[in-house]
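What follows is a set of structures for review.
Okay, so chain A shows up in both of these, paired with chain B first and chain C after.
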Partner chain A sequence: MSIARVNRLSPYMFMAPAMVIMAIALLYPLGYMIWGSFRDWNPSQSIGEAEFVGLKNYITLWNDPNFHESLVVTLRFAFFVVSIEMVLGVGLALLLDRDIRGMSVLRTMFILPMMIAPVVVGLMWRYMYHPTIGTFNRFLESIGLPKVDWLGDYALTSIIIADIWQWTPFIFILSLAALQSLPRSALEASRIDGATPWQQIWHIKLPLMMPVLIVTGLLRLIDAFKVLEVILVMTNGGPGLSTEILALRISRTATEFRELGVAAAMSNYLLILLLLLTVGMFAFTRLQEARAARVRAAAEDDS
Partner chain B sequence: MLKTLKTGVAATLLMTGAALADGHGGPYAEYAGTTLVVNFPAHPHYNAAIKVLPEFTKETGIEVEVDQLPYLKMRERQTLELAQDEGEYDLIGYVVFSKADYVFADQLENLAKYFMNPKLADPSYDAEDLIDGYVENIGVAGGAKGYLPGKTGSLFGIPFGSETSVLAYRKDIFEKHGIAEPENYEQLLEAACKIPEVEPGMGGMASRAASGHQASHAFLLHLAPLGGRVFDDQWNPIINNAAGVEAANALKTIVDCGPEGAMSFGPAEAANAFANGDAAMFMDSIAFMPGFEDPDRSKVVGKVGYAMHPEGVRRGSQTGGFGIAIPKNAENKEAAFLLMQWLTSKKGDLMVAMEGGNPSRFSTYQDAGLNEKFPFSATFGEALKFADPDWRPIIPVWGKINADIGTTMSKVLTEDLDIQAALDGVAERTRAVMDEAGYYTWQ
Partner chain C sequence: MQNQRANPAFFAVIALLVFMSVGPVLLMFANSFKLDVDIISGASGLLFLPTIQNYETALCDVLWYEPEHLDFCALKFGGAFINSIIIALVSTILTLVIGSMAAYALVRFRFMGRDTVSITTLMVRMVPPAVLLVPVFGLWNNEFCLDRDGLIGGAIRDTFGGRGDVCLAGTHSGIILIYVAMNLPFVIWILQSFIVQVPRSLEEAARVDGAGPFQVFFKVVLPLIKPGLAAAAIFTFRIAWNEYLLASALSDRNTKTVPILIVNNMSEFNVEWGVIMATGMLLAIPPIIFTLLASRQIITGMTAGAVKG
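Up next, the complex of A and B:
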């Protein structure tokens, strides 16, 4: 083998172990799922025994009203959860970005909810929402208000509240980190120019935090699409299908209906949806950055 | 040294086991020293069974290692395990609706060859004493409709930890207001809605109602006694006929007159509501009943009367729970059969029952000692004569149909969906599922 050829190949040789690991750990399971989604596959069979049915699973799902309902529930859940959490989390970060005594203790306490295991969170909230012995109804009763059937009539709202409680701290902690790494010079300059605190937030802090906020929001969005345990424990998707989000439906399709192929197809739909969202989000940031660069360039031209 | 000691002890134990077995005529001698691996669900009945396993080991010299799992997890595990060439389990406890999947996938041993083998089958086993409804529901497949007994059917498992439904009611409350023990559905529904009127704050009957499996279970519980079925003999869905509507109405009435929050009850919540004194009746599996007599868990000890599942146009209480079977890929099949036979023999069944398990035999329910310990045993034995093996179909696509019935019923209960329209929808979707699964190939 010529020396030139070895030289040319050496970068690939160094990359090979990483590629192999990636292929085994990432691409193989993904490929397995995609391959499985084209089959009529029940858990008592191995994938090889399952009959190949082409796109049938995807078409069945496309026309399945229960799948549509599940999808709508997921979208509604994700929309409300992420937007409310973003507002609360960023708001809290703006409020707590200062030196108060005991601040570090306070911050630690704020992030406690997201350290609790999801199943425990589900159980906790389920008992707090309990119609007779739950904290909320006992409180309402003690101040003379009528009881509320939290997990019955207001099931979706109730699980949204629980998720907000658990995951607002995640946004809080990331926004706080972003806030504290902002260039102090810009803030000082604005203060000297006489900017009010509101103006500082609107025109300096938020725009500078934006890249972090977008990634944070995206992470939460992806998570919100996949949340399973808390809802499984709290409502198991009921009443009716009112809280049956996609992750729960996928799990039920695989274990209860024993249709692994359909479950795989549903997972792929979810994957495609998330992929589109992610790509869209990054395209949007790129667009904004490009516009900012244009503005900056124009400003430099002017001077 | 320690190792030698251990081996020594093991050898002595082995020899004693063998000797003991020999002393009993020797059917176990050949298998003494074998270690069986069994997979049991986490369930009160199996907890009781595990307590008597040392007795089996003492008598036979066969060791038993138990792998206990929550029952839904257990099903997933078994599905994986049974598909292997060589399985880990010699004996499995299985949920009744797994019968269809396992038998259809040819993963369970047909028990005929064991009962034919004179070296294995105990002549005093008395299979006639096993509760008919349970054996038909849990053990036999291949007869009528494929999942029931009949001339073409054969035995794949033996009921162990099976359940039926009975009605538990508050004797004190019923007496106070002069309400009679409900014997039919009319009286049951009347009592269910009268209680909240005369006893403020107390619900009539606590029932499962949560979306999915629970709501479906609660509906089917009323469907059979009211004369309905999910399918007719040609697999046409008839769930939307008059009996189906009546059953859905009964469930709705019960939930509407039930304790607060009844719409999201699973079986445990419903049982708790009754044990807590929030409801005057509870109709569900017998497995919950011993809990009402336990002062640590129940506020209604001694106040509970037990009655048979009320009659509609016929008697038909549920059949369900677990059975035990030998996987096709088991390593020690014959020894596993011996354990299976021992656990479900008259002696084994009574021992398990005395520890709080659910008997599989009529004779056990009549045992004086058991009735002294659990006073409701006689009623349960009577109720079992009417246990309906066909109250729900056991076919591979049932999971999907069950979920559809369950979510639709939940919508009926919470969103006031029109019952006839809702059931028509279920029937239509069920027909599509059945069509796809090939049930109409011959039509």
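Up next, the complex of A and C:
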């Protein structure tokens, strides 16, 4: 009797600590933020003292050209970073999918960039991009080319390059794992049927890897909206607003301009954007799966 | 698989890739042993006299001797290093214990609200730290406090003086709490895929022998998922060790972590490249060591998180 009760309660006992902590430190703060976004709130006030202003913060942001600029920068950054990294990472995985000795050493080298602190990554790249003492300009100078103002004129490109350096290995390793778990029989069969390596890649490897690739891309996309420290250290959003992604703008609105309400409203916009992207991706995947299932069913009817 | 034979172009590609991914780190390593004069003149490249002066400057507050080239210890890196270690270690251990328990419950039990819990866990994974900044700053400073009129808060004020109310902001526990919460969804997600693989028969055997649910979990299940725990530990440690934004909002003078120190010293107009690179190197060393020792676990964890989610 008492054992049965223990058994019925035990899942809750296992869940309880995690649920309590996530409720206190994630869900409650998120609710608090939504509540705070309707208020004119500065850091020295507690939220109760802040004046309720309704949707004012949201409307101000909606009409704020700086916010639009920052939104566009964020979307461009995320788009370029994810698509270039996917192409490079998957390409490298297809290229290096062979039984070579020392592959594990190679993979260790490749994951190094993403284990290092973003702050340090920003630091390294800021040094390398430095207009006079930086590695790149020294190199350009030594082969007789004009210097490039990396973090000035090409700031967005430069931070995209740094992010690609740091995160392409992530996609490379995941797609390599996916490649190596593909059924050997399908590849063998296609080889016997005389498929060229390119045909193998297009018609067998890529379609079979697709589920993993979609998850990987989605994870990278979500992470691309989290990038902040690298950019903070490299450019601090400048010059102008050219690299001020939303995460950075939120933190500056909160700490420099001391407008917590506006920052909270901005955070909400960002959350809604992420939610739409995630739901969109999942819906797309489901649609694809449903279509594939229909095609398969049709094929089976024919035979 | 036909061209197994050594193809020079293929190895050239690999060499280039290794150079590109490790090069910047090595460059920073080399620069951290250079004097600023050498970095700026740049004539040397690899020919320079290595010096540990930068490291001495960075660690001046924990060194047992006084470096000759310094008359004042401005950079309190040693203290920040200790803060970082405390925060990263405690939050990693807490996250692992709490997260593995929750993952076990989600995998092994059917209970009311299970689906809600697992969807919520997935959803909060996508919340960027920047979004948490505003509410966490407000809550930790204003709401999660021991009241100045209450018993404990009053006692603390009487003994230590100060503002009277004791808030989570500015304490190690405040930063640890948010790191644990931030990492939990990820750890739960990863560990689920490891716990699924534990054979149920083992657990049932232990139960027949009279072990309670907690004994089964800690003595049977946990030892079997050690690789998963290692992977989760490395990822959690990495985030707690590297995080800047929330720590900078929540810490005060005495609880600063290393990333905050680096950013504070970068934003000034005149960057002391040698010292800042030495600091960066010290911050990068623990993750580098983990990578070299446990790259297999890291890769398993990464693929488990993405592929089997």
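As a convention for this text, the second predicted complex is superposed on the first by the 277 of 303 C-alpha atoms of A that agree within 3 Å, B and C clash if a C-alpha of one lies under 4 Å from a C-alpha of the other, contacts with A are read in each partner's own complex, and residues count from 1 in each chain.
The rule is short, and it goes like this: a residue touches a chain if its C-beta (ideal position, glycine included) is under 8 Å from a C-beta of that chain, and two chains touch if they have at least 3 such contacts.
Worth saying up front: this structure is predicted, and the values here are computed from it rather than measured.
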{"item": "Chain B versus chain C as contact partner of A:Trp62, first or second or both or neither", "value": "neither"}
{"item": "First, second, both or neither for A:Gly240, with chain B first and chain C second", "value": "first"}
{"item": "Touching partner for A:Trp202 - first (chain B), second (chain C), both, neither", "value": "neither"}
{"item": "Touched chain A residues, chain B compared with chain C", "value": "C"}
{"item": "Partner chain(s) touched by A:Thr255 [first = chain B, second = chain C, both, neither]", "value": "both"}
{"item": "First, second, both or neither for A:Ser46, with chain B first and chain C second", "value": "both"}
{"item": "First, second, both or neither for A:Leu219, with chain B first and chain C second", "value": "second"}
{"item": "Partner chain in contact with A:Phe282 - chain B first, chain C second, else both or neither", "value": "neither"}
{"item": "Partner chain(s) touched by A:Ile173 [first = chain B, second = chain C, both, neither]", "value": "second"}
{"item": "Partner chain(s) touched by A:Asp153 [first = chain B, second = chain C, both, neither]", "value": "first"}
{"item": "Chain B/chain C common contact set on chain A", "value": "43, 46, 236, 255"}
{"item": "Sites on chain A touched by chain B in the complex", "value": "42-46, 66, 130-132, 147, 149, 151-153, 235-242, 244, 252, 255-259"}
{"item": "List of chain C residues in touch with chain A within their complex", "value": "1, 4, 10, 13-14, 17-18, 20-22, 24-25, 27-28, 31, 39-40, 42, 98-99, 101-102, 104-106, 108-109, 111, 114, 117, 120-121, 124-139, 141-143, 177-178, 180-182, 184-185, 188, 212-214, 217, 238, 241-242, 244-245, 249, 259, 262-263, 266-267, 273, 276-277, 280-281, 283-284, 287-288, 290-292, 295-296, 298-299, 302-303, 305-307, 309"}
{"item": "Residues of chain B defined as touching chain A within the complex", "value": "72, 75-76, 79-80, 82-83, 101-102, 104-105, 107, 210-213, 215, 259-261, 263-264, 278, 396, 399-400, 402-403, 407-408, 410-411, 413-415"}
{"item": "Chain C-touching residues of chain A, taken from the complex the two chains share", "value": "6-7, 10-15, 17-19, 21-22, 24-30, 32-33, 36, 41, 43, 46-47, 92, 95-96, 98-99, 104, 106-113, 115-120, 123-128, 133, 135, 138, 165, 169-170, 173-174, 177-178, 181, 212, 215-216, 219, 222, 225-226, 228-229, 232-233, 236, 246-248, 250-251, 254-255, 260, 263-264, 267, 270-271, 274-275, 278"}
